[in-house]
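So that you can tell them apart, the chains are marked A, B and C in the order they are listed, and the count of residues begins at 1 in each.
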Amino acid sequence: MIVERIKTNIRKEAVEITSIVAKHVKGIKSGIVVVYVPHTTAGITINEAFDPAVMEDVLNEYMRLIPYSNKYKHLEGNADAHIQVILTGSSITVPIEDGELALGRWQGIFFMEFDGPRNRKIYIKIIEG
Amino acid sequence: MIVERIKTNIRKEAVEITSIVAKHVKGIKSGIVVVYVPHTTAGITINEAFDPAVMEDVLNEYMRLIPYSNKYKHLEGNADAHIQVILTGSSITVPIEDGELALGRWQGIFFMEFDGPRNRKIYIKIIEG
Amino acid sequence: MIVERIKTNIRKEAVEITSIVAKHVKGIKSGIVVVYVPHTTAGITINEAFDPAVMEDVLNEYMRLIPYSNKYKHLEGNADAHIQVILTGSSITVPIEDGELALGRWQGIFFMEFDGPRNRKIYIKIIEG
């Protein structure tokens, strides 16, 4: 298992990590890569990496659906982030073909920070087959 | 990696693809199958395949939660679809037992079109083990 | 594939199953574990297992976003549960390192009951590599 580290800069942020993942699958003829986030207030997803407005819209809608508020029972002020992670997911799985991620033309992999800024870890696990 | 193609017919549509996936796991004694959608405005999920009203309700609620609107920053008119994909996911993973998908009695696999009609691809990756 | 059984006690409930999964990865040097829920009104997720208020907030927000109601087309009275499953997911994947789940410090695995109480099954599939 490979461990990568990133630093986020604001409370809600979609950080593209496609190249961080892609470099580790070079030389793998066939298999899958699981990218796993070991945090409870950050998740991971796949979506358009071309127009940054897409992920801005995503974060805005997440904040509208699950607002920052003092109504929650969890008293650390980041219950919104925990819930947003569950709507997003803590891992993604992508097929590997001939040393490359089998992403679609417009797809990128995004680390979803919901309670930054923080120092974060990403686990990358490759299964050949 | 196997590539399958489907055609969707309307803007929002849940297309059951269980049989498309099932045919490729025949003969696999044990393992997992990852079904991956290489698009940014379509996703994939698992739910009830018996009563079609279930997936109608799902699509209606998705359109209520993330409405089609001109308020988004992404200007292609399909920001709702991008966000709906992130709430759904771009891949599913199902165990394989004795040549069959280990789905529950009522479960089916659904390709979730959020910005159709379009010609779409599905990647099917089997890992034995 | 390992099959585990649990019993849920109320309609909406997050049941921590980390130890049920952890016991099956002992002795596995490296790989992934897929935990799969073969039901259409229960899902699975990963989040904070320390403060129980976090999962209470999650369930409360899920009930606010997708309310129990008679407005749905699916007439069995549990359409809310089906939709909540799709927002949550039917499987999780976690890396295995030296016989242990590579969970983060605060993470636990939760079976998400959305239409209990019921007797439920969990499929655990380990892929070494």
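We adopt the following convention: a residue touches a chain if its C-beta (ideal position, glycine included) is under 8 Å from a C-beta of that chain, and two chains touch if they have at least 3 such contacts.
All of these numbers come straight from a predicted model, not from anything done at the bench.
If touching chains are joined by edges, the resulting network of the protein chains shown connects every chain directly with every other.
Overlaying chain A on chain B by C-alpha atoms takes a rotation of 120 degrees, rounded in steps of 5.
Averaging C-alpha coordinates per chain places the centre of chain A 20 Å away from that of chain C. Residue positions of chain B with contacts to 2 or more other chains are 31, 65, 87, 89, 93, 127, 129.
Considering their complex, residues 1, 31, 34, 36-40, 65-66, 72-76, 79, 82-83, 85-87, 89-91, 93, 121, 123, 125-129 of chain B touch chain A. Partner chain B is touched in their complex by these residues of chain A: 30-32, 45-48, 51, 53-54, 56-58, 60-61, 65, 87-89, 92-95, 97, 102-107, 127, 129.
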